[in-house]
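In what follows, chain A forms one complex with chain B and a second complex with chain C.
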Partner chain A sequence: MLQQLNPSVKAGAVLVPSILLSFSYDVFTPLVFLFLLLVFTWTWSGMPKKKWLMLFSPFFIGAAGFAWMTMLYAGDGYQSGEVLFSVWHFEVTEGGMEAGISLGLRSLCFIALSLLFVLTTDVTQMMHSFMQQLKLPPKLVYGIMAGFRFLPLFRHEYTVIRQAHRVRGVEAERTVSGRLRHFRRFAVPMLAGAVRRAERTALAMTAKGFTGDKNRTWYKRERVEAKDWVFAASLNGALLLVLAASWYFGYLSIFHWDAGRSQ
Partner chain B sequence: MHPDTIALKNISAYIEDTTILQNLDLHLEPGTVHLLSGPSGCGKSTLLQALARLFPEDGSEKVEGSWHIPDHLRTGMVFQDPESQFCMMRVEEEMAFVLENLGTPPERMEEEITGVLAETGLTPLRHRLIHELSGGEKQKTALASVLLLKPHLLLLDEALANLDPAAQQTLAALVMNIQKKRKCTVVIVDHQPENWLSFIDRVHLMSGEGTITASGTPEETFIGSGAETCREEGIYIPFPYRKKATASRRRRSGKEDPVLEMSALTPARGDACRVQLSLRPGEITALAGSNGRGKTSLLQTAAGLQKPRSGEVFLKGKPLSSWSERELRRRTGYVFQQPEHQFIAESVKEELAFGPRLSSAADAEKKALEKMKQFRLAHRADVHPFSLSGGQKRRLSTAVMLEADTEVLFLDEPTFGQDAASIRSLTDLLHRLRLKGTAVLLVTHDMNLVHELCDRVVVLLKEKHWIGEPEALWADEALMEKSGLLLPAGRMQKEEFACSSS
Partner chain C sequence: MKSWKLKEVVLMSSLGVVFAFVYLAFFLFGQGLRNLLLPIGLAPFAYEIIFGIWFIVSIIAAYIIRRPGAAFFSELIAGIVQVLVGSPAGPMLILTAAIQGLGAEAVFAAFRWRVYTLPVLMAAGAGAAVVSYAYHLFASGYIALGPGLIISMFIVRVLSGILLAGLLGKWLSDRLEATGVLRGYAIHHARTQRSSRHAS
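Let's look at the complex of A and B:
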């Protein structure tokens, strides 16, 4: 199961394909890789398909929007081949269409990769792994952890301040300068609150013996094991296979240099 | 002298030229329990931090005098705010964080964590997320993590202040048991220390200048030598040492038409359900019940800040929805728990002129000056509201909500974290409002306030509520028990203090 993998290796394993994919401008490569990713996610993440689809669908709509915009506005470099159809006075060429669909598919690949990581990783484990494997300084990591706990409090505080101002008779501002003033009125108490809370937390952490020293003992050791490398190798191997196939069948396009064999 | 004794002699401390502590003497024998009492801002917290070796060391500080805290002495400190004492997500992780800081060998950690969780009764919560715990459970978690430091000296800085009365009692009892077993020295700072009294060996009274002016047993200090200081400095005298407060409810005729009515009101959040309540001019009504029952939600719904799930609120016979926002805000005032949330201007004067200006009063400036005098803020006219002291902020936040024609005032936990002087100025104000005929609805845990001042109490229970006079509530033991309320000090016998804590 992906939950048991080492977060640092998992992050690396997911990051590499994201970068490599961003260079392939054809349709075939991201399409096939996306298909493999879905298989990966559904067999190994232990995540119910329905829940995953619920999370994925809003991004799907976003990606479709991206693709559509790219089709219409694709730069001259992509405008090749016949004009397929025209919308108002935008003409969609074969090249533009390909660029658009490719971009959409690549976005979906990034999203699937991100979800694969985010949904199977525990924040605490990740932070511990960043300190133990990537040697990030504890001061930074525990600071982020403490800050992470504040997020829901901010939301709550924003609601309360809005009500408190409403009670004072502050009404919704419509002009730009009014909105600016409005923003300042919110910013002062929120910032003051945040600074004070941060100070209190820092004091409490110091009182608990936290010095930021790198020489700590660990309650739970995050280890890198064979299965982590198997995961990294299979995910990236899959991408290499797809790239190879794409090259073999002549689809592969890096930027707009057609790298396919048949070219 | 015992090797664990702490002795501070003639200590003065300054931060950036501000005197924090002055000629302070403090002697802590191992295994004893101490209460530090003093007005807000007198340096109690700074003294605790200094004892925990947390005094800021950035060069802006200066400490004089003889400072004897043995090096081998370990200290643990529990703070007031349950929200900002943790940096991990789960109870177990927070415990591990402390042990990792200490460099405890991993193979010993399991045993230590299991041990401390059992000691504090947190075993069932071991894998729970901290932010989902109740306030009392969070404070217990803070205590447990601190106990892992194996402290010789345990410091509690208003550790009970954010909890409801039942949770306060539980946590105080837990600390007492732990102290008996571990024999550690304990120093407590608490504005209303009733929960701790039977347990305290010595009380130290601090004056506003940061000096300890009287030390002794609770009897000696609160009744004897320190009584004078308490009155002068506005230090809260806990009940057994105080003359019985006479309830000063002087009911008005009660025949006037209600100014605010709730009809089968169910707020959107919390347990309150179909509340039927009317407030008459000059009547003070309290909303009580344990945390999470939806007291604040009901208060906000009554003030028109939240939409009700069902039912309706009438102000002067007209439903809230038919009042214009501006008119509604002029006739009602709402004081939030955190005074700072309500401040919108850059100076005290501007803050007080803001309201009158909205109703286009030409004499806004004059009105602001009057208010400043009335609320003893005149000397702070040009100060930014955020730089006021705690008590001043509280006065200002109340002052801005009181217009000449305010008919209903809503207050959320008005005595929360206040020292005796601020509480007194609040009760004086409520008295004046009563005479003027303003109706008051307040949310509070402070049963002393209810006893001394309120005409009626609404107790929120799960799915139900109870409305009646305070005396009837105190008499109903089953109800008190069920709602997690404690008798006000004025109704408790001295022996009950002894029993409840032993």
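Let's look at the complex of A and C:
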């Protein structure tokens, strides 16, 4: 199960394919990889399919936006083949269509990869792992964790400021300039509250003996084990296999250079 | 990070948390804009207009704390926190945040972390825009677009970085300074030193 994996290794395992994928501009590679990601998600993550689909499906619009823009405005290097159809004065060629669909699918792969991480990772575990494996300074990590705990307080503060405004007869704004004024009336007091709270928290941390020293004990040990590497290797191995297959069948294109084996 | 005071680190983290939320809100706002521009095929352009807002915490943290690394780490924190609250962009967001932070940090570094005037802050916003655009050229595949669109998106993003990050960031920090809560930080010391020099 992905929940038990080390968050640092998991983050790395998810990040590498995202970078590798950024070089391919054919349809085959992201499409097959997306399919494999779905298999990964549904067999390993232990997440209900319905919930996952609810989170994933809104990103189809974004993917469609990317695809559509690339199709209409593709650069000369990516225009090739026949003109499939034209909209207003734009002509959509086969090559432009391919690049567009590829980019849309790529963005869906990114989302699937990150959902694999986000939905299976515990916040505290992740921060502890960042400190123990990635050697992020304890000062920074405990600072983030403290700041993160302020979130519910920020919401409370927002309500208080809104109520204070209402008591003093400040109306809700509808115009654009009114909205801007409204933004200022909230932004400055809320930021001021955050600064004050940060200062108090830092004082409290110092008072309790927090020095930020790297030679410290951990109440929770995060370890890297064999299963972490198995996950990283299988996810990245899957992408390498897809890339190899894509090259073998002659689909692979890196930017607009057809890298696939010529038939 | 050794020479940093703890309260500076915690302040930077809190700013990161606050702006992680602002960033998420703007992400939703951008989605609305994007859907408007979707039919004419310019959907991703919507994000370019408001892209500068995603650099603002770098500018604010660097302007207030005035230490090497403030611009980079604050943006990194905002990226991490967005992942913590469950942004679907996931670990990629941490990478993007780090890249944007480096862009702003590079400009402050060029002035040896000593100059924090409006033009420098605006340049830092532009720096973040330039570096992040270079990254998106590949990661989002903008490189497949026609040169006209690539250039106009670049210009819009840089302008957005200058105005929404540089100008708005300075304005917000100055308003915040005026409330007096930043008395213990470099931004206040810099201002009081300047005014005492004027008096003498």
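FYI, the second predicted complex is superposed on the first by the 237 of 263 C-alpha atoms of A that agree within 3 Å, B and C clash if a C-alpha of one lies under 4 Å from a C-alpha of the other, contacts with A are read in each partner's own complex, and residues count from 1 in each chain.
Note that a contact is a pair of C-beta atoms (placed from the backbone, for glycine too) under 8 Å apart; a residue touches a chain by one contact, two chains touch by 3 or more.
Quantities reported herein were computed from a predicted structural model and do not represent experimental measurements.
Once the two complexes are overlaid through chain A, chain B and chain C fit side by side, free of any clash as defined at the top of the document.
Looking at the shared chain after the overlay, A:73 reaches chain C, while chain B stays out of its contact range. Of the two partners, chain B and chain C, it is C that touches more residues of chain A.
When the shared chain is aligned, chain B and chain C each come close enough to touch A:205.
In the superposed model, A:224 makes contact with neither chain B nor chain C.
When both complexes are overlaid on chain A, the residue A:146 reaches chain B and chain C alike. Contacts of A:215 after superposition on the shared chain: chain B is touched, whereas chain C is not. Of the two partner chains placed around the shared chain by superposition, chain B and chain C are both touched by A:197. Between chain B and chain C, an angle of 60 degrees opens at the CA centre of chain A in the superposed model, to the nearest 10.
Residue contacts after overlaying the shared chain place A:38 against neither chain B nor chain C. Of the two partner chains, chain C is the only one that A:18 touches; chain B does not reach it. Contacts of A:188 after superposition on the shared chain: both chain B and chain C are touched. With chain A used as the common frame, the shortest Cα distance separating chain B from chain C works out to 6 Å.
Overlap of the chain B and chain C contact sets on chain A: residues 123, 146, 148, 188, 192, 197, 201, 203, 205-206, 210.
Per the touch definition, chain B reaches chain A in the complex via residues 49, 52, 54, 75-77, 79, 81, 83-90, 93, 96-106, 109, 113, 130-131, 142, 145-146, 149, 300, 303, 305, 325-326, 329-330, 333-334, 336, 338, 340-344, 354-355, 358, 386, 400-401. On the chain A side of its complex with chain C, the touching residues are 11, 14-15, 18-19, 22-23, 25, 55, 59, 61-62, 64-66, 68-78, 87, 90, 99, 102-103, 106-107, 110-111, 113-119, 123, 126-127, 130, 137, 139-140, 143-144, 146-148, 150-151, 154, 184, 187-188, 190-192, 194-199, 201-203, 205-206, 210, 212, 255-256.
By the touch criterion given at the top, residues 1, 4-7, 9-18, 21, 31, 34-35, 37-38, 41-45, 73, 77, 80-81, 83-95, 138-141, 143-150, 172, 175-176, 179, 181-182, 184 of chain C touch chain A in their complex. Put simply, chain A touches chain B in their complex at residues 123-124, 142, 145-146, 148-149, 152-153, 157, 160-161, 163-171, 185, 188-189, 192-193, 197, 200-201, 203-211, 215-221.
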